[in-house]
Structures are given as C-alpha cells and as structure tokens.
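Given below, in the form of structure tokens, are the structures.
Consider the two complexes below, in which chain A is the common component and chain B and chain C are the respective partners.
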Partner chain A sequence: MTEHPRELRYTIEHEWVRVEDDGTATIGVTFFAQDQLGDVVYVVLPAVGSTVQKDSKMGEIESVKSVSDLFVPVSGEVIETNQDVIDHPERVNEDPHGAGWMVRVRMSDPSEVDGLLTNEQYDSAIAT
Partner chain B sequence: MVPFAGWDMPVQYQGVIAEVKAVRGDAGIFDVSHMGRLSIHGAGAASFMDSLVTFSVMTLATGRARYGFMLSDNGGILDDVILYHTQFEDGSDMLRLVCNAGNRDAVKAWMAQQSQAFRGVTVIDHTADTVLVAVQGPRALDIVDGLCPDEPKPSALRPFGAAPFPLTVGDGAVAEGFIGRTGYTGEDGVEIAMEAAYGGRLWEALAAAGATPCGLGARDVLRLEAGLRLHGSDMDLTTTPLEASLERFVNMDKGIFHGRDALELQDEDGLRRKLVGFRMLGGGVPRHGCDVLYEGETIGEITSGTYSPILDTGIAMGYVSAEHTAPGQRVHIDLRGRLVEAEVAELPFYRRPKSQ
Partner chain C sequence: MTMEAASTQRTHQSLWDVARPGRSGIRLPESDVPAQAMPEASLLRDELRLPEVSELDVVRHFTRLSQMNFAVDTNFYPLGSCTMKYNPKINDVVASQAGFSGIHPLQPEETVQGALELMHRLQEDLQAVTGMPASSLAPLAGAHGELAGVLMIKAYHDARGESDRKVMLIPDSAHGTNPASAAMGGFEVVSVPSDEMGRVDLAAVEAACDDRLAGLMITIPNTLGLFNPYIARVCELVHGAGGLVYGDGANMNALLGRARPYDLGFDVVHLNLHKTMSTPHGGGGPGAGPVCVGERLEPYLPSPVVERVDADGGARYRFATPTQSIGAMSAGHGNFGVLVRAYTYLRALGADGLRQASGDAVLNANYLRRKLEHVYRVAVDRTCMHEVVFSCRPQRDKGVKALDISKRMIDYGVHPPTMYFPLIVDEALMVEPTETESKETLDAFIAVMEAIAREVEESPDVLLEAPHFTPVGRLDEARAARQPDLRWQAP
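Now for the complex of A and B:
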C-alpha cells in the first residue's frame, strides 16, 4: 500500500510533479511530507512569471512544529500559483496530491522529469 | 516520539491543531509524568522552602498551591515551580513541589545544598514512582468528577486548590489521585498525581470518558496562547522574574529568600530588557532565536513562538530593550532572512471566557 500515486514523479526532498496534458508540470509536496510536518500553517511560493532552476529553493512550507524549504524539481517558468493553498494552508494536509498543489511550471527541459523518482523508488527512499 | 530531558515524549497524537481545539472547546489529557515531583518533610520544611522560593510558604494554607520561582543568589531563575501544601488525617503536613523535568537534578542539588542549614528536613523524589496527568479544558472537571466515587468531587477545589481524591480507574480499581486545580494551557482543569502502577489505567479511563490525548506540540501552542513562560526558552539562570515580566509572582514583603537582594538591586537600577508578547502582522511563524528589529536595529530576540489557531497568526514571546515594550509598538521579526512586521502585544494572547 502506498499513499503516493503511480502517475506522479517524486524527489528525495518530498516534492511531487505531475505532467499535465498541455505539457506543464504541477508541483506539490507529498503525503509523506505533510504527514511528517503536521498541520501546515503557512506557505511561501515564488512569483508568477519567475524563472526557476531545478533543485533551487522556490519557497517555504511552515507547520506548527517546523519550517522547511521547498525545492523546485524541474526548471522553467512559474505560470500559476495556488492562491487557495496560500489562503488555506491546511489544504496541503487535506489533499496533498490534489487541492494542495502549489505551483505550475512551463518546463524548459521536459526530459528532467525522467530523472525524478517513481512512486516505488520514493517509497523505498522514505522507508530507510 | 521525541527525546525530552531524558524522557520519550509524544509530540502529537492526532495533530497539533485538532488537539489544541479539543482543549479549548472540550477536554484534553497530557501525560506530564516527566515533570519533577518532590516532597519536603520535617519540622523545618516550610521555613526551608520559604527561603528558596519567591512566594510565601509560611502563609500557604493547607489544601492550597502557589506558583513562583526558585532563584539563584544572582536573581537568575533556576526553575519555576508549583508548591502544594497538604495535610494528612493524622495532622502531619507535607509540601509537594512540581518542577521542570530538565531542572530536576539542579533543583535537587540546590535543595540538598541549602537544606544543611535547616535541621530535620528531608526531600524525597517521587518522579519515577508516580505519574502526572493534566486534564484541561471546559469539560475537564466534569470528566474527573465522573471518576470520583465519593463526595466532595474534585470540582469543589478552587483554582490553585489541591487535595487527594479517590478515582475509579478501569476494571473497578480505585486509586488515590492527588489533584490540583492547576495547569499550563490557559483553560480550567486539574493535574492528577497517582501511583505509577495505576497510570495507564487512569489515562485509559480519562480517554474513555471522552478526553482527547494531547502531545507536547499542543501543549506548547496552548501555553504560548495563554502567555505562560517556558523555562529553558523564555527564562533561565540569566534572566530574572522582573525581566520575564513575572514580578507578580515575587513577594518582596515576605522576608529573606535566595535572590531577593539581587532583585532589589535590579529594581533600583531599572531594567534594560523585558519580556513582551508579539503578534505577527505578516505571514510566517516566529521561532526561538529570531531577531527583533526596530528601524533596522536589532533590539531583541524571540525566545519562543508558534502559530496560534485562535488568532490565526504567528505569536511569540521575547526580550527587547526596555524602551520598546509598549503594546502596539511596531517591530520587524527576522524570519530566516525575511523581515516581517509584528507588534508588541499584551499577554496573554488568549484568556478563557468566564464561566457563567
């Protein structure tokens, strides 16, 4: 049993990426990450229109217990951020792979996705 | 589970915010058995303790408890403590002290050193053979009353009152609980000390009666909302009760006690820094160690902070230079390089509604 859907790709820093039909990438944090963080109370996201580099810091996610950096798993341009998650950070806990998404990126190099972890690889990474 | 002062402690059961809401709206239980529990015996026990704490022990009536500080001779806070005065049926007296887990050894060493001047005083450590369970929230007393087969019920205690009561703890067993109407959440409630053998069953009985198990995470949010200082974060040997803005727990009229002279001197000289509350006006959660700035200059430091579910914003306590302590004072707090606006706020952040 995994909480991490097969159709998403993952990073060791606990972000997920979904490649949409239009080729853009939707990014959020994993079920495992939000479970470890506990109640999420504040999210800082990059500005729409900004250019982000794979593996660079794109924002912060803060729970009652701790604050962590958010890293961007793929390079490109931020075309949308989830205002609902900024206004209601608890969405990250309620639905981390759905309504709790954070940013959408127009990828500059879609092949970067191939280097990300599958759900099985991610599950074994967090099991150790 | 996390290590805490040598104990394995639960941070959360179902989630910090859900647990905080349970305590504010209903009832929560906390296993606080890590806290130090000492008893002080002997004819000189009261005058001995009176020499060590900032409140009067000589006027502490039977069945009552007081909160205050054990100070070093420099006026620094060795620990904050609650002292309970109990009388047994045979007329003998006992003083019970609850201290912080991380300070238990230091408190015991200080007491052992100072007790040499007092004849016939003995100190016994009950921490390992008893449990301490806090039941907190508007329904806490109803729940505890429900476990008590006798009259009067624990709800007959006034705030800071304390007495032993029989409690039914699962499978018909009745055990004595020493109950104080005290706590660390800003809600009404009690703390129950009981023989360790009954601890698990007491917990089960309280949970079965509907109290929500709560961890350290919720406890920290609740105590911060209630403006309650945490020793080791908001105060320590380098801070005095005057700097911690807790002078109301210091009785300068009661006579000599360790640290008194230092406080008198500090009071004459004036304070250079003082603990205040902060409410964030921008997003983010202030944490221990964050700098506080005024017009670009660092004027102090956050000693503890959290997200407040009641206020839906970050809150904190910290020390700032004495000229910036007025409520409403705008400051900036450095949240990992982000300067976020905040204001000095009155403590506590949260006061429970008066019961009807």
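Now for the complex of A and C:
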C-alpha cells in the first residue's frame, strides 16, 4: 500500500509534481521525505516571478533533524508560493501532498514531466 | 502541599518567585560623595528590572541549577563526534594561575613573555602531532578553523592567478560545518558519495579533478568512525589536479601519536582543542580550533602567530603576521584559557600518553561495537576507529525511533549519543565512549542498551514517553524551533 498517489509524478530527490488543469505544475515534498525528515520547522521558498531551472536548488527545508535543499523538478516561472506552509511548516507533515504544497510553476517545457518517476518507480527507488 | 508538588515547585522556581521588594544581599555604606544627576534618560533601559533577593536566595538558586546539570563529571557522556573525554582538573589549576588568568590582551609583549612562550610551545606541540611545519592558534572554534583553512586555500589560488578554481569537494558523510565554511569562502560545494564500505568514492573524486577544482575537505577518520584506506590516494588525485586538501581534525582523537595528517598528504588541518585536548566544552564553547599547515599555505596563516627570537639575553617571544596572512580571525589572540588547558594536557600525557589515549579510545569503541551488534545494527560492519555508528532502523520498524531510545537513555543516567548523524545512516546513533571510561562504565552502558532493546520488544510505550525521571519530561522540539521563546519577560 503506497502513500504516494498515482496522479503525482516524483523525483529521486523526493519532490512531487502535480500538473493542474490549467497546465501549471504544483510542487511539494513527498510523504516519504517528510517521514524521514521528522517535524518540519522552517521552509525557504523562491520568490514569485523568479525563473527556475529543472533540478536546480529552489529553497530549503529544515526539520528538527537536519536542513536539506529543495530542488525544482521542472523549469519555468514561479507564479505562486504557499504562504501557509511558510507560516505553518507543520503542514508539510500533516498533508504533504495537499495543504503542504510549496510552489506553483508555469512550465517552460511541459514535456519535462514525462521524464519524472511514476509512483511505482518512486516506491521501488525508496524501498532499498 | 504534596511532596511531589513541592519538588516541582523547586524545579521551576525562578529568582523572581523568591524576590521581594527591598530585599538585598549586602548592606551598602552611606554615600560619602554628593549625589550626581543620572545620565540622559534615553540611555537607561527601564525594562531591565532586577530581582531583589538575599545572598542565600542566589546561592540556593544557582546551586540547584548546577545540580540539574548533566556533565562528564557526573555521568557517562558518549556524544559521538564531540569527544566528551574527562577534563583533568590540573588543566584548570594551571589556567587559573594569576600569571595566565590576570593578564590583558593589550599588555606590552615584554610583560607577558611567559604566556607567549606557552603559545609558542603549544604551536610546536600541535605541529608535532600533525606533522605540519607551521600553525596558528587564532581560530576560536572548529568551524572557525575550517573558515580559516578555506580562506587560506582561496588566497593560495588567488596568488597563483587561479581564481577560477571554485569547486570544493566534500564527502556526503561530512560534518555540516564543512559545506557551510566552503560556501562562506565563496566556493561551490560538490558532494562526493560514499561507497558501500563507508569510504569516499574514489571514482567520484577522480571525475571531479579538473582545472576548476579548488580542493577537498575531508574528515579522518570519517564521521562513520571509519578509517579510509584510500586517503593517501585521494590526496594525490586532488594535488594532481592542482587542488589542496583540507583535513577536518574533529576526529583527531583516533590518530594521536599514530598518524600525522601531513604524512597522509593534507595541506591544512584544524584541531579541536576543546575535544581532543580535553578542555571543557558543550553548550557552545569556549573552544579553540588552531590550524596547522604545510609549506604551501604557511604564508597565508591567520594572524597572530607567535615567533621565537633567539637573542643575547636568551629567547624572546613576539606576535607576528605571516607575509600574505588572511588576517585576524578575532580581535584577540585566540581563546587563551583554552590554550593553557590544552598545553597542560599535552605535557601531562607526553607522547606515550597521547599514543595510549588514541589506542584506548579505539579499543573502547570497538568493545561497544562487538558487545552491542547483536541488539543494534552496526551501520557499516567494519572495525571502527574512535566511535561507532549504529542504525536503529530495526527498532524503528517496531515503532520506536532513535530519538525515543535516546530519551530513554537519560532515564538510565546516560547522556544520549549524537542522533541522526551522519545523515547517510538511517536512524543513526553515533557513540563515542572516549579513552577515559573504564571497562566497568562501558559494561554498565552495554547493560543499559540491552535493557532498552528489551523494552522496545516488551513495552515500547515506556520509550515513546521517556524520559520519566528528569525535572521536566519530553520537550516539544518542533514547537521550540517553530515558535522560539528565547527571552524571559517580566509578567
């Protein structure tokens, strides 16, 4: 029984991407990532309007255990960030694939999504 | 009032709870000079109320707090990577002599020749331990030493017209301060993976060896507590590409008197005197992180260094600035009190004593590894050096995390080990017993860890709610980080 929904795509760096009806991409970190991190206490996100390159660092996530970089799985322009997750980092633990989302990106190359992992591929990658 | 309530009240009592208006610890004599007007009101902070208490109130308050302290002087303290060895009291006796404790950093050099001689002798001893030809005592802590080393590497490349060398390689098992120091120096950090035996991946180092390489920062033994048999080859590769090798000396306790970083190929190494040379630490200092360097970096050492000048009347000592120094690391001359303690430790043990210290440290860690490997998974199944890293993954699969096990250890009177580090080990517990613990203490610790392992099977709820026998119970670490409440304010 996977914790990682079929409708999302994933990266080996533990981000997820959901392509919305309007073609934008919503991005967050996975259930597995927040479970490994423990209680998340601080999140740094990129500025709205900034341009991001696939696989480049877009921010940081800090838990009671450690600080990790956040990577952006697709290229494009950041059109929205989740203020609620900045004010309440616990959202990442409570609902990583929902209220704990982090940024929305207008993709410059939507085909990049095709190269991301399916939930089955991600689950087998983290099983080792 | 119940006895329990009375105990809780004592635990939580602040000086404000016992303060009463007009109460005082001392009787001041009548003023025999005319009263002066107060300075401008805006200079006075009116929120700084002070509690009015008697001397006895103050003594009881701070004595009670000191008795709640958990220290290596009271209990076993196997905090991995921190080398919480016993700090011999002679170190404090020597450091508190008036000639050392009563001097001022700005005193003329000719009036503090003894202090300068001690610093010079310490420089020589640290050079002997590391094999390096030169050193500076200026950095005030381990990460400060890292920063000094990184800035020296930058100055070296800049002086050779190779400022394009921007890449600093750092193994994925490194202390978090390494990438932070490299970034502070303006370098791009490139992480190097470890192989299945916990060694830095040679092929990955080789692949990164090009004309953008500034250097490599590496900890020996590494943070898994493991010897790296390739270390000389790694240094060769980096040097072959024109880079320099930084040695994080945090784990030097495993090498004292047995291997010298210079001989292994390092260009610079810092030593944590507060760990390896037994000066009290914890809670953020004070520390000392002297840097020892090879010939390439000697001109760039941070100032001051202490020089010895042989004149007619005998040796004289003076502060000096190396020719192309990266400059001062602080306003003073380093944490002098720590330097005195470290020198005392080195001289009390001597070369044979240091060699035995590192041997016993490694023996103690391996004793714990072999005695506990049947209940806790050893992260990498190899003979370890001065510390051993366990993974509580099997326990976590039963619902008990490394955090819960650590909290339960407090109930048994043991300081928890370092948790969740190194990051490449799941549910890590990093145990460093040090050489100063007896076999009886180690056996008692083994019994504690076995008892906790049984509790994981039989009564896991006890662990999830631990600690039970401390003045306060499990603290809400997430809330403390999310909503830090750092300053007491008058009600």
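Keep in mind that, in the parts below, the second predicted complex is superposed on the first by the 128 of 128 C-alpha atoms of A that agree within 3 Å, B and C clash if a C-alpha of one lies under 4 Å from a C-alpha of the other, contacts with A are read in each partner's own complex, and residues count from 1 in each chain.
Keep in mind that, in the parts below, a contact is a pair of C-beta atoms (placed from the backbone, for glycine too) under 8 Å apart; a residue touches a chain by one contact, two chains touch by 3 or more.
Fair warning: this is a prediction, and the values are worked out from it, not measured in the lab.
Looking at the combined model built on chain A, do chain B and chain C fit side by side or clash?
Superposition check on chain A flags a clash between chain B and chain C.
Touching A:44 in the superposition: chain B (first), chain C (second), both, neither?
first
Would you sort A:64 into first (chain B), second (chain C), both or neither based on which partner it touches?
Both chain B and chain C are touched by A:64.
When the two structures are overlaid on chain A, which partner does A:96 contact: first (chain B), second (chain C), both, or neither?
neither
Of the stretches 75-83, 165-173 or 201-209, which one in chain C hits chain B?
Here chain C runs into chain B along 75-83, and the other listed stretches stay clear.
Kindly list the residues of chain A that each of chain B and chain C touches, one partner per complex.
On chain A, the residues that contact chain B in one structure and chain C in the other are 38-39, 41-42, 62, 64-65, 67.
Enumerate the contact residues on chain B facing chain A in the complex.
Residues in contact with chain A: 11-12, 15-17, 217, 221, 283-285, 287, 306-307, 314, 336, 338.
In the complex formed with chain C, which residues of chain A make contact?
The contact residues of chain A facing chain C are 36, 38-39, 41-42, 62, 64-67, 89-90.
Mind listing the chain C positions that touch chain A in their complex?
176, 403, 419-421, 423, 426, 477-478, 481-482
Per the contact definition, I'd like the list of chain A residues that touch chain B in the complex.
So the residues of chain A in touch with chain B come to 38-39, 41-42, 44, 60, 62, 64-65, 67, 93.
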